[in-house]
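Chain naming follows the written order as A, B, C and D, and within any one chain the residues start at number 1.
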Amino acid sequence: MTRIAFLGPRGTFAEAALRTMASAANAELIPAISVYAALEMVRDGLADQALVPMENSVEGSVPLTLDELSTDGGLVIVDEVVLAVTFALVVPRGVSLTSVARIATHPHAHAQVRGWLSANLPEVVVLPALSTAGAAEGLLDPERNYDAAVCQEIAAEIYGLDVLASDIGDTSDAHTRFVLVARDGVAPAATGADKTTLALYIHHDQPGALLAILNEFSVRGVNMTRIESRPTRKALGDYYFSVDIEGHISDARVAEALMGLHRVCLDVRYLGSYPRHDGKEPVLRDGVTDADFAEAQEWLRKLKGK
Amino acid sequence: MTRIAFLGPRGTFAEAALRTMASAANAELIPAISVYAALEMVRDGLADQALVPMENSVEGSVPLTLDELSTDGGLVIVDEVVLAVTFALVVPRGVSLTSVARIATHPHAHAQVRGWLSANLPEVVVLPALSTAGAAEGLLDPERNYDAAVCQEIAAEIYGLDVLASDIGDTSDAHTRFVLVARDGVAPAATGADKTTLALYIHHDQPGALLAILNEFSVRGVNMTRIESRPTRKALGDYYFSVDIEGHISDARVAEALMGLHRVCLDVRYLGSYPRHDGKEPVLRDGVTDADFAEAQEWLRKLKGK
Amino acid sequence: MTRIAFLGPRGTFAEAALRTMASAANAELIPAISVYAALEMVRDGLADQALVPMENSVEGSVPLTLDELSTDGGLVIVDEVVLAVTFALVVPRGVSLTSVARIATHPHAHAQVRGWLSANLPEVVVLPALSTAGAAEGLLDPERNYDAAVCQEIAAEIYGLDVLASDIGDTSDAHTRFVLVARDGVAPAATGADKTTLALYIHHDQPGALLAILNEFSVRGVNMTRIESRPTRKALGDYYFSVDIEGHISDARVAEALMGLHRVCLDVRYLGSYPRHDGKEPVLRDGVTDADFAEAQEWLRKLKGK
Amino acid sequence: MTRIAFLGPRGTFAEAALRTMASAANAELIPAISVYAALEMVRDGLADQALVPMENSVEGSVPLTLDELSTDGGLVIVDEVVLAVTFALVVPRGVSLTSVARIATHPHAHAQVRGWLSANLPEVVVLPALSTAGAAEGLLDPERNYDAAVCQEIAAEIYGLDVLASDIGDTSDAHTRFVLVARDGVAPAATGADKTTLALYIHHDQPGALLAILNEFSVRGVNMTRIESRPTRKALGDYYFSVDIEGHISDARVAEALMGLHRVCLDVRYLGSYPRHDGKEPVLRDGVTDADFAEAQEWLRKLKGK
């Protein structure tokens, strides 16, 4: 039976996301205490795969995930899933809205429900917690110093809590993207609607290095869907770039761009090719399909062979 | 007397950084409970300026600061300061290393002292806290469930704690950059060694929009020292770019690049021109000094005037 | 009365082109023996304007015109005209096709009627002449060693010759573009459908100098309609670029591009802004109209003025 | 015995250039009446190779050569030679400078000796001739209407003429570059200091097509040493680009750039890879040697193979 680790505790967005994936149906789902721990379980063979959050339409990328995948190696992304994020106000069984004086939640979630709170609980005190699921779980603790939690609704179910209000986020279309990570190996077969994730380390003494990278993609007609800069932990202003591109390592245009990057970058880390969650096929400009690459190679072969 | 808010509580890196600035010498320093609160104090006139963390060589940018400055407006950066980050293991008076079984600290700080801990306290349990200074302050609470904190040494002094070990970080040259923020107004005069911070919102339906932005800088010889992508909170994959460039809004090359960006971007938010902490003057390529721009303008005037 | 010089002798394409222009209606038209002589007449005040050939859809640019305008200065283009090129076989009065054994024409014209000649006069000998009109004029010379000329039909009329065959060119849509040149001065007013001609001298020790030039145009949304490289007469491989762009020196995007080029090029020679022959208005990308430039300037003024 | 055609008549620069080449030592040298005729002799098997002029530091490229090679196909460049151009004033035996009243020469040569003539023969009349060697040969004709010719000194020797003045050109370092052309076949082996000549036909309805071409070279670190625009003979403003690049078709960076161009251009015509006359090896940026390409391919193979 496949074992899939996820960022716990039970009731997090990660578990909710995982349960939407076909591969989770017959798998053992194992909560991990941190992104780091979930990935370590895969590296150590305690799990076959791990589902970890990658980016969020409200808060941005998840630095820990990017950095762990980019710097430590050995793992690749094999699938992704995107989940709508909604928040609920949950309380221990029987508590009513009027008796809520103190709420615990993660500061990011707090930022997203600020509007609802000022309209409905203008006097409430909000305490910071390390995760929304942790805030929910804490409600089971008799010595807690708060009355309610803002978290995903799934947490109410898991911890036996009551939902006082659903979907209280200010931004109605917030989403979180999770990636399914496995030990380094052969990529899933290309589907025609794939993404590839890379970590690119540039030479910082070369002005225009970022422009050079974008040109490597642009010349081969490879579209970028995400670019994040992350510090290399060496010095202020020393970044690497975490990048998602459209296409699969087995696509000719992606392969040539990867080789080009490998030649101009200090380092290129390949973090996997995998099917896109939305199944959207790339709109390619003229001259960059596999057939175009093959035809050009045949043309060159004839020129040289004469 | 000038009032400067900073990210509290007392003993944070922010206070240590602020104390190194000339402008703090005769100012009233006011701790704020969050970056958001510090910035609100300036907006509301409760403080004249606020010092908030902008980026860290280990953890990267501080999303909250970037987002608050970029999206809410009304504030600009007027100065910056960079502080070396060192960590200490602190305990209540009289506690010895051998009796430390549980440590509290922020997960980022934990990541940075992992090496020291496994060498010196291999069995210790590490509990997550919301800030390193908060972990230190918590040692004053008799009901705390931990014995020591990893934080900046200044916190020991402020809270009357003992330092068991200094400079225990694994990366010796970690730095944090703070920015001093004021209400929107005239920028500090150009010094010849300045930076300008921008938030750039691009048209996402235009492939190559990021390339276009980089070209606007490149054509005017403007060097970029930092680029961060941040979600716009609208949809996954919808970013804005937080950018630092070399030069001052009153430099001709910067002014022309800003106008160019204003024409191609969905929105350009100007977040201030201010002296660089390191006083390093930019290395300019030929043809982009103020004198070069003035000479070209005079040349054009003559061509048209004849 | 305006005096307009043209590349003679009478009967050349240049005269035919000139007669199509409104400004020639009441002007004195003066044939010159060469492009050089026509331009000298303007420089010396012997003529007010000169019409000289600039490029030909079959033979390409006219190097002499490009070089004279680019290197010697003092003259600018104020108008242009495009004329369809057709060739005729002409003979002295009374000569029949069967008695034509030797033909004189310019080698370029020969190249363009090769097909007709092999079909209709397969055995004919073709002698090179310095111009097609010269070949026609030579038919008046009793000591000539040829029987017919290939030239523009207008030459038959001027020199009293018979036309044996009209429109004998192999390419039916050949055109020649002529420019009307005047002494340096204020450009004709912008019409909204204008061209500007430039000579750009680059730094040859800088790899990528041509890319840099194209970027100066591209960043301001200026389209190039012609680029020709011409030797600078200094060394092999040392070129200048003769360029036509869409727009008028008084257009903001053109003005900014010109100043940018002035800063990066060794030298920029402005050779005039003038109405396009075809009246075609440019298709501009977003953000590069005069209104866009004015709005960006106002935006910057406010940012700085606060 | 190898037969090499050259642009005649005897005494032209082409013959002088050919005599400097090792391959001409034991070859039969055959004058042709035009560039076209010389190339036809090779196509028809009447000659093995042809030496034709390609460009001149004073007059620029030789359009006929560019166009013949680019459009008709079947021929490739296999070698090049560069010759210093000097002019002499030649006369029939016994004629003295004081009796020279009329001179014949090609207009290009006239342009280059203008300075010497105004200083030494200010009253002389200059008649246009179709070639400088033709002007010299014409001096043998008793019915000629001129007294002297401006041509290469070698022509004096060939036609038994006197040299009245040597090296009378205004530009002391004028050069002409000739190319040796053969029937299409395997290119000469790479020497490490090679050039490749191409004709590139772009899609004219795509703005930025020239920028795209330059990027194909730039991304692979291929330097361009010559670019000429030439009309395609279809319409005004419809060009192809005649380009020389550093490197050999067997170099990995050149091969990949060629395939890239093949994919983005309407048509790419390969006109040969051959040793540079000056033996100058290219200065390559990091990451574009054959070893770099091989290493990147191996890296990719491993990524995919796992």
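Quick note on the criterion: a residue touches a chain if its C-beta (ideal position, glycine included) is under 8 Å from a C-beta of that chain, and two chains touch if they have at least 3 such contacts.
Predicted model, so just to flag it, every value in this text is computed and none were measured.
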item	value
Both-way neighbours, i.e. chains that touch chain B and touch chain A	none
Rotation angle superposing chain A onto its copy chain D by C-alpha atoms, nearest 5 degrees	180
Centre-of-Cα separation between chain D and chain B, whole angstrom	59
Computed distance of Cα centres, chain D from chain C, in Å	25
Sequence positions of chain B contacting 2 or more other chains	215, 218
Chain C - residues contacting chain D, complex	34, 55-60, 63, 82, 107, 128, 130, 171, 173-175, 177, 207-208, 210-211, 214-215, 218, 223-231, 233-239
Residues of chain B that touch chain C when the two form their complex	184-187, 215-216, 218-220, 249-250, 255-256, 258-260, 262-264, 270, 286-288, 292-293, 295-297, 299-300, 303-304, 306
